[in-house]
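What follows is chain A paired twice: with chain B in the first complex and chain C in the second.
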Partner chain A sequence: MTNDFMLLMPLIITGVGAIALMLIAAYDKVTIEQASMASMGVFGLAFLVQLSNTIGTAVVPYDTVFNGMLVISNFTKVAGLIILACGFFTSMSAHSYFKQNNFCTTEFYSLVAFSACGMLLLTMSQELISVFISLEIMSLAIYILVGYDRQNKRAAEAVMKYLMLGAFAGAFLTMGTALVYGGVGSTKFALIGQAVAANGFFTNPALVCGAFFILVAFLFKVAAFPFHAWVIDVYDGAAAPVTGYMATGLKTAVFAVFANFLVVDETMRAGWVNYLFYLSILTMFVGNLIAIGQTSLKRMLAASGIVHTGYLLIALVAVSSEHFSGSVILYYLGAYSVGTLGIFAALSYLGGANEKRQTFDDFKGLARVRPYSAAAIAIFLLSMAGIPPTAGFMGKLYIITSAISAGQVALAVFGIISSILSMWYYLRLIINMYFHEAVEGFEDTADFKFAPACTFILVVCVFAISLYPIAV
Partner chain B sequence: MFADGLFILFTVFAVVGAAGLVLFKHPMNGAMSFVVTLIALAGLYALLNAKLIFAIQLIVYAGAIMSLIIFIIMFLNIQEEDLPAEEGRFKYLIGGVIVVAPVGMLLTKAVNSLPGSEATIAGAGFGGVKEVGVKLFTEWLLPFEIVSILLLVSLVGAVVLAGKRGTNK
Partner chain C sequence: MEHNVTFLGYIPILPLIGAAVLGLLHVGTCTRKPIHEKIYGVFACIGPLLSFVLALRVFFTLKGMPEEARYLTQEAFTWFQVGDLNISMGFLADPLSSLMLLFVTLIGSLIHIYSIGYMSGDKNFGKFFAYLNLFLGSMLVLVLGDSPVVMFVGWEGVGLCSYLLISFYCEDTDNVLAGNKAFIVNRIGDLGFVLGMGFLFWAIGAQGFDFMSLKANAHVLAPGVALTVCLLLFVGATGKSAQIPLYVWLPDAMAGPTPVSALIHAATMVTAGVYMVARFSFIYAHVPLAGEIVAWVGILTALLAAIFGMFQDDIKKVLAYSTVSQLGYMFAGVGVAAYSAGIFHVFTHAFFKALLFLGAGAVIYAMHHEQNIWKMGGLKKKMPKTYITMLIGALALAGCPPFAGFFSKDEILFSALATGHYGIWIVGVLVAGMTAYYTFRMIFVVFHGEPRDQEAYDHAHEAPAVMTVPLIILAVGALCAGFLNLPAIFGGHQQVSHWLAPSLTEHHPHASLFVEIIAIGASVLAFVIGIRAAYKRFGAGAEEPQFQGFAKFAYHKFYVDELYDAVFVQPYKRIGDAIRKTIEPSVTDGPVTLAAKVYMIAGAAFKVFQVGYVRVYALYMIIGLSVMSLLLSQSLN
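This part shows the complex of A and B:
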């Protein structure tokens, strides 16, 4: 027997936690360290509750009250776990980050929790208007987090670009929703699926056009080609923990809803697979080309995020709607999140005051001075590059085998080629850290507790996740 | 017949107003032209018998929000010389039209396939306050509830981004 209230509990805890953090921000006595601890507590509790929920088949919580707009399944459960873990580790690395960068207020953590709320809703929503509102909750909170440092011109530029283009994507989603409603008469995924099954997909131009606009909005949010241009400047302008959060939590949530929407009906998925095929190849190679040319670490990681979006699109091409589990997508998202969060946690304390260390050259000889941090960064980079025995390797392996078993051998080959290309920029940082003399002592990075602890937990996760077996 | 004439009239006003918003150089003219669009849209809602949306469109959008925007523009006191030069904007405009044209064609095809006035999707009393309220609080409860989180986030965001910041603790 499942309990609807317990299934929604992680969402409720995050929401209540966000509101509580917002309220305590009004008191002068509460320091930002305490707020960060409280936020870790909220995310940790929500994570444990989410972990304790067991879900057999998909559940529709409060079917009559919510009119079947939320659906909870094992897919949304694991996506929720990744999102909550991202929130937890972001709060942890922000704790150290804001000791060197003084622009934090206690509302910061409330906004992190609010955006996690939106992400959790996004994974569960099975109705287009709810999807739109959850997407906006998530994006709005992230916009504010990106522009949090008001003195920083680059952050202001980043938030301006992101806000304008994000509003554009939101408009596409609304337009698509209206057209789908016009074509089908409903915005619920289940009813859209039934209508497609009954009348076909390509016989209904309004539905095709609406679905196209909705896909454009999703592709924009995950920074797939040709909607990838914003991502470099935005990731570069945001604070390191926020960038880590955006790159992982947001991507997980949007890919979850993307997969939910695609598997509404097999003919509809089959209709888009050809386009997604070319998009995933272009996304991988354009991302690689951009990443190879970067000298700043954050910009390189942003571009490598585009490449990882490409791999995830391969996984989307290979999913089937008959027995959809999404385990490959979630496994890759989990592996990617661990690596990315780890690097940004390390950057949070190694970056120095006002993030003065930004380029590859700034990290020369890190291994001589801070051997453990350098080793951790190297492990994360190797995981993202896909070297065994890390989680990133297993994620890529699952994606490539699932692509081959879905008959997409060409995609698998392109995935491997792109993965080899990506070695170039991942190894470049490792070479900088290990094979150069130290130019500086990194003395200002010594006395932090939380971000280094976060980095080492994530190193353990990289290996732990690689041992976790999934059924492809 | 008369309704068809009104529909064409409102549509023309809506499109002309929107074009003016894009083409006028001074933000004040743009804002005034946008008011025309919003009022024309209210007319279209009235033609659809959506009474509540018609009233909200007039009171909230054309009334409150637009007067706030115009107030802010007046507050900034923008003169002709403050505006950027915008050289070659028509070149960009034509380029943009060419890029967007396929999407426009797709949209035309999609909109043509939508059911016309012969389809009855609405029951009796459609668009009234009571009917909208009943639908909103029975079928659409979840979106209604989560919008409150969205409003809360924008409230916190406004305070964080625009408010006075105290000393760091």
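This part shows the complex of A and C:
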């Protein structure tokens, strides 16, 4: 019982923190800076508890909580760590972001914490109803965060698109749940797995159809082809810290549940491998081609997020349900999150008032004016492009080696080609920053303490993670 | 006896931490008011001194062990693992590395202390000590590495530091070029090392790639492979230890500050090649041909460098060539399978050559950065401490009994003679005479006679205590180090050779007393002739000679630099130029530009699909879903 309690403690801290932040928002005396610090505190504490759960206590694999509705494994613990770190760094960059943008209220941080609750629950959910509920807890909070700037038409447009298409995808999830329940008589992953093991997968049309719809909902949330189109407009419309949060925390949570669902049974996973194979290739290449055409930095990053989804799909193809550790997926998610959060943290304080700096051209000559910031951004970009000795390189290496050892050589080759293509738009920003004269003066950013500190920590993380060995 | 210990790792780490701290302090303050030099000085010396204390602990721990099982290991962490190759960041201390550890940390510490005086007033004081600490840490990794790979990390680290410190006065283009030259020439050698390592791994690496496993498996090496490995590794050694044909960088490396020349380019780094050959003695000992080549390259280098040394007029260049020449002796020693003699010469050479360089540094310091010996003269009255200590160093270098250099050099020549390498012995004795000549030419011109530049002489003064005390300690070393390995003929027990014996694969030649006496007699005779020639020519003061004929040819170092430039550097540059001008724009750039255009068009095409209407996005989803459903219905039976 205490064990269960400790395992849920990070979730409880984040939930209580979210409610407390919502309550203190009623007091005028609480400034948004203080709320941001409180939010950092909540995430920091939850992170430390999760860390001690992960490394401190004796690890019980597949520990079940709430009668099997939530299942906690090393995989979910590390995914939780990534999510909590994303929340922490998002609060940090938001602290600086809202010194130049004035639409923030204290509730902002409460919503960040609420969505983190949803993400944490989602990683642990092993039951379709709780998957649905936690997905919606997460999504609703994110919808509001995307449209937080009510004066901004682009934000309003973004939230409308996201909400409509999200509802569309949510409908698939509900429908899929109903069909799966109709097919096997249970919504628990474990029982679905038993049913498939006993009677086979493709012999049960309701189950196949339901599982397919559920996959569609997940693919939508991670922006895989052909459900990717929303992501460009939505990422572009949201505030920089929110975009960073969506791109990292949300993706981590959905990939965690995606992987958990896929490995329920080997025949079921094998049934999807063909689809995921083509989807991952298409996702990578479509993402790359969209990214090449963009002039806005946030849109480029959104498109590159699609490409990274493609890589993660390769990793999903290569997982084995017999001994599923998910270390490759989590390593890649960690490496990707660090790079993405770092860039959005830098954009948070370099973007200027009302995010006036948006395009590649706006960052021309940054290296002359802000050498350290430019170097940090360059490191994040190189990590995302997969240049050694960064974490991104190791992540790609692990994914490609795992694909090869799973016999998916073609996927590995496509992954490498895609990674070469992606240099185009990552290096473009580096070239703009380093090989051009400054076109305009960048404001003095001396009074922004947190977002620069955040980029610094994340630069250290880029190299530290690359040195952290994992067993593939 | 417990062989696994935890303190080995601290020996290299302490100076490395020092380097990080000093570097950060320097970077943090270089644009503002600089930190007081004393703070840097203290931080810089802590690491080396503590390492020295730990080196003593290693030595006494090993001494307390039974002779045949004297080794300590530490496996810090698994560094990487690829296929059969499993490399851990491990350290190994055996008698060989413990001897190296002792003198590297001792001399390193002394030179750090000396540098506080020598470098005072330099605006990059902190940077200098950061590099020097980094060097010492890398050198200790090199010495302690338990596998060729870890050794290579140190090997590259010292190369990097050498480059950084040669180019330390980087305002002057010549110094930067000298640094580049050292680095590039060393890279050629490194290629040999890497290839040798690769061959070795291919042959016997699968059963473990640390020195102990390699030693255990060395007997299965095919003779051809063993020879290849030995020669490739020796190419690496010729780069790092400045042997023919890659010796050209070392004289130019004197562009660095003098303490750097003393520590890196005389006492420690340049002997890494000898250490490496001794480390791999378990392979070299079984390939006599490789040893033969090593010995001949070594002794010919010794001869060549001695010839150049006789005609130099820069005090540091004289010492630089003497270093190349002494390194040649060391290789001759390890080449004739007298590994302990070679290492013993490394050990004594470290003392007297560091002493000579530091003494030369004190002279240069006193003469306001004048290095030409023909502008000096009569300095013995002004700088008595420097004179006496340098004289001790010179006697040791020239091989005067009973100074350190005599015993170690004699050991090498005796081994050559006793193993029947008469040619090497004769050249070696000849070089010994030449060494005595050019060493005392330098001493007489600099310290004796009348001042040649009266104004500089009047301003000259003895160096401060922080510089002279290290000189005196080193002079004691140069005086006494030889007695540690006193041969039986003088009533000694050859402690150093016995100490090293468990690490090395060698058998000591048994020669008659007669041979031993001939070897000693020839060495002493050569020394006497050399010093007498120098005294006759320069003892009472001499003017700068105008070189003619062979002397001029030797003064210009046989035009080897110019030859290398014409044969290797210029054609290489021309090829590069040709590729840049013809092949690159027409052959390689075309497809690249074309690919870029294709991407751009494809990107523009895909941009069209991002129309921005939510209904269109929903349509994409429906189409995708429908196609997938169609495919899925095929799978259902």
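FYI, the second predicted complex is superposed on the first by the 456 of 472 C-alpha atoms of A that agree within 3 Å, B and C clash if a C-alpha of one lies under 4 Å from a C-alpha of the other, contacts with A are read in each partner's own complex, and residues count from 1 in each chain.
What we mean here is this: a residue touches a chain if its C-beta (ideal position, glycine included) is under 8 Å from a C-beta of that chain, and two chains touch if they have at least 3 such contacts.
Keep in mind it's a predicted model, so treat the numbers as computed, not measured.
If you put the two complexes together on chain A, you find that chain B and chain C both fit without a clash.
By the touch criterion stated above, A:Val286 is placed in contact with chain C alone, chain B being left untouched. Of the two partner chains placed by the overlay, only chain C lies in contact with A:Leu165; chain B stays clear of it. Contact comparison for chain A: of chain B and chain C, B touches the greater number of residues. Of the two partner chains placed around the shared chain by superposition, chain B is the only one that A:Ala141 touches, whereas chain C remains out of contact.
In the superposed model, A:Leu111 makes contact with chain B only, not with chain C.
By the document's definition of touching, both partners, chain B and chain C, reach A:Pro205.
In the superposed model, A:Phe220 makes contact with chain C only, not with chain B. Superposing both complexes on chain A places the Cα centres of chain B and chain C at an angle of 170° as seen from the Cα centre of chain A, in steps of 10.
Looking at the shared chain after the overlay, A:Gln294 reaches chain C, while chain B stays out of its contact range. Overlay on chain A (Cα): least separation between chain B and chain C is 5 Å.
When both complexes are aligned on chain A by C-alpha atoms, chain A residues 205, 208, 212 touch chain B in the first and chain C in the second. Per the touch definition, chain A reaches chain B in the complex via residues 15, 19, 22, 28, 30-32, 65-67, 69-70, 102-108, 110-111, 114-115, 117-118, 121, 127, 129-130, 133-134, 136-137, 140-141, 143-144, 147-148, 150, 179, 182-183, 185, 204-206, 208-210, 212. Touching chain A in their complex are the following residues of chain C: 78, 596, 599-600, 602-607, 609-610, 612, 614, 616-618, 620-621, 623-625, 628-629, 631-632, 635-637.
Within the complex formed with chain A, the residues of chain B that make contact are 106-107, 109-115, 121, 138-143, 146-147, 149-150, 152-154, 156-157, 159-161, 165-166, 168-169.
Listed in rising order, the residues of chain A touching chain C in the complex are 160-161, 164-165, 168, 202-203, 205, 208, 212, 216, 220, 225-227, 229-230, 232-233, 271, 275, 286, 289-294, 421, 424, 469.
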